[in-house]
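A, B, C and D are the chain letters, set down in written order, and residue numbers restart from 1 in every chain.
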Amino acid sequence: MVWGHLAVRDPDGRGVWMKASGWGFEEITRDQIVLVSWDGDVLAGNGKRHLEYPIHTEIMRARPEVTASLHTHPDTVNAFSALDIPLRPISHDATAFAEHGVPRYRATANLVRTAELGRALADDLGPAHACLMPQHGLVAAGVDVAHAVMYAVLLQRACATQLAAGDVKVLTSDEEALEKAALVWADAQIEAGWQYWVRRLSD
Amino acid sequence: MVWGHLAVRDPDGRGVWMKASGWGFEEITRDQIVLVSWDGDVLAGNGKRHLEYPIHTEIMRARPEVTASLHTHPDTVNAFSALDIPLRPISHDATAFAEHGVPRYRATANLVRTAELGRALADDLGPAHACLMPQHGLVAAGVDVAHAVMYAVLLQRACATQLAAGDVKVLTSDEEALEKAALVWADAQIEAGWQYWVRRLSD
Amino acid sequence: MVWGHLAVRDPDGRGVWMKASGWGFEEITRDQIVLVSWDGDVLAGNGKRHLEYPIHTEIMRARPEVTASLHTHPDTVNAFSALDIPLRPISHDATAFAEHGVPRYRATANLVRTAELGRALADDLGPAHACLMPQHGLVAAGVDVAHAVMYAVLLQRACATQLAAGDVKVLTSDEEALEKAALVWADAQIEAGWQYWVRRLSD
Amino acid sequence: MVWGHLAVRDPDGRGVWMKASGWGFEEITRDQIVLVSWDGDVLAGNGKRHLEYPIHTEIMRARPEVTASLHTHPDTVNAFSALDIPLRPISHDATAFAEHGVPRYRATANLVRTAELGRALADDLGPAHACLMPQHGLVAAGVDVAHAVMYAVLLQRACATQLAAGDVKVLTSDEEALEKAALVWADAQIEAGWQYWVRRLSD
């Protein structure tokens, strides 16, 4: 559907380039992207600004290394968040979050419609790759679009797998999970996964 | 399949325009629509009248602001209805029903084949956006087709999400759910979701 | 995949016309159908006979009104059968089995590879529309192909819905279920559902 | 995605021919296959070697009759492995593993990146058709590609079916499961299933 949005840091430091509101992700071309300033003004591009632009501006303000962030509302993530249990490393997917965990956003289940709510989200996210937003969805952040998108997909898949399992009995030790994350989700692996999707979309 | 139907209020007050029976939703063109009078007579159009026309005539009789109503039988809605638990606001989808709740139709699990059964359904629905029909399906109603269809989709998704979660531990407060509903499901948002689907079907 | 088969009674009483083995259902044309005698001899047609022909010959021998029978192995049916609980009328789909219930085949979980095993299956099926074959699949039977296929689909959907619900709390009374079955699954409704699929396949 | 790999024993005994890394299974042609020696050297072909080549070299070293092995990461297999319960023969699919069971790999949940870890996997696999790799995925092995691929698919389906059932009450006796396996998964049946997929891919 038309909710959910991706933002990329403006290389000239003016703010973030975001998907315009009212469009599905798969409809986006260069004509449905807007440059939103750090204060929420539309500086360039066509289309309407999403109400929740502070998700992206505040995460990028707080995390200088982040250049891409993504907000979506997967059913399985909302089902998982409603259980208030930790994400367990029962798959490679879940292991991507071994180092920083998957924090939960506490300030609101409503839209992140003010800079203050965006700062609270950036605070809860901290150094993590992604954050659960209970009753709402998720946000993921990365050093580039490949990382942000992969983290969002991996979190969605990890939540679905743990929901399917139910009461988990067997899992990797914390130490092994950290070792796995470094190997399985090295930058080259993230890039390989991303390039595969880019190729499939080009078909 | 061929069960389930959508109706739209006749602008001249003669009754409702309904999908004809025997066709799947995706097969419907202007040639498979019939005008059904308030008493169930076919006044215009081609095709057979669904037995359950009183669902639509009685809801529109009871709710002057409603101009579209939709009846379907999603598996996940029937599974959810069998549990006799309230729908919880664990996603944006479920929040759409925060103000009026999702009432349950009690008169029958059989087809709504008389005006009396239709009136009982309209009574149980009351001012709500949608009503569970246990062992049968759902009905949704709105000020236009966009609202009726969106409410049906949101209810189906909300039931699926809560079934996936199981025993819900974390949810939005009633107060926040109401605030969310006003913002997330404002008319412009319903319209944006609907227009997206219309575009996708045109592709 | 290539397992599962449909049979139709030979109008001249020589046996049953069956899908040949080694092909998927969607690959079948007039060239992959064989006439199998009541004793298992291939009398006409091209292709190999399925080992389990006695499913069809023995059901049709025991039920003179049956002219079509179908055997498949849906995952959800096998999951449901493993629970040893009755099918509950929590949807229109499940209500199709209100009159005769859904019996269970007890003689074997292995292939129905002899006339004796086929007779035991026909005995367990009795007058019902379909029979669970635990650890194996299902068989459905009807007065024509439309009925046999619809009963198989309805049973698969009913099992999936009840699995999704889990511990069912609310259901139709036995009396209402019988009334519903007569109305919802009248011959004209079965035919309407079947004709819809035939149209979709022709697209 | 691009993880998971299939290997085939080199007919001249030099090692295994493997899918190259960085590609999805459906992208593979003769140009994305590499010959990996028993010590991990790339002897022929284009593309990068997967880190986990010891899965294949060590299984084929330990099992002279195996000529094909497959490693994938299905969600349902990871969910099932996290429960630490045995696979039950509640479907034909699960029965394929009746004779040897489905052992679990214990040495690591991390990548199988050394010959020693590969030998430990071959030890845990023993004579079985497939092995669960908890928090990671599965490996399957067979006398040809048809068997290896079918065993991987059957294990994935069997895990999904048992997850859907939950607490299994009814199942085949061990004796019957063995009889079923011999009949249902005879070589000719494996080949028939495989040839069906080959035909579908050619369409």
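Criterion: a residue touches a chain if its C-beta (ideal position, glycine included) is under 8 Å from a C-beta of that chain, and two chains touch if they have at least 3 such contacts.
This one's a predicted model, so the numbers in the text were calculated from it and none came from an experiment.
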{"item": "Chain B and chain A - chains in contact with each", "value": "none"}
{"item": "Inter-copy rotation, chain B to chain C, in degrees (Cα atoms; steps of 5)", "value": "90"}
{"item": "Interface sides of chain A and chain D: same vs different residues, half threshold", "value": "different"}
{"item": "Chain whose mean Cα position lies farthest from chain B", "value": "D"}
{"item": "Length of the line joining the C-alpha centres of chain A and chain D, rounded to whole Å", "value": "33"}
{"item": "Computed distance of Cα centres, chain D from chain B, in Å", "value": "46"}
{"item": "Touching two or more other chains - residues of chain B", "value": "none"}
{"item": "Pairwise chain contacts, counting only pairs that touch as defined", "value": "A-B, A-D, B-C, C-D"}
{"item": "Residue ranges of chain C touching chain D (in the complex, touch as defined)", "value": "1-3, 21-24, 27, 51, 73, 75-76, 78-84, 108-111, 113, 134-137, 163"}
{"item": "Contact footprint of chain A on chain B as seen in their complex", "value": "88-92, 95, 157, 160-162, 164-172, 176, 179-180, 183-184, 192-193, 195-196, 199-200"}
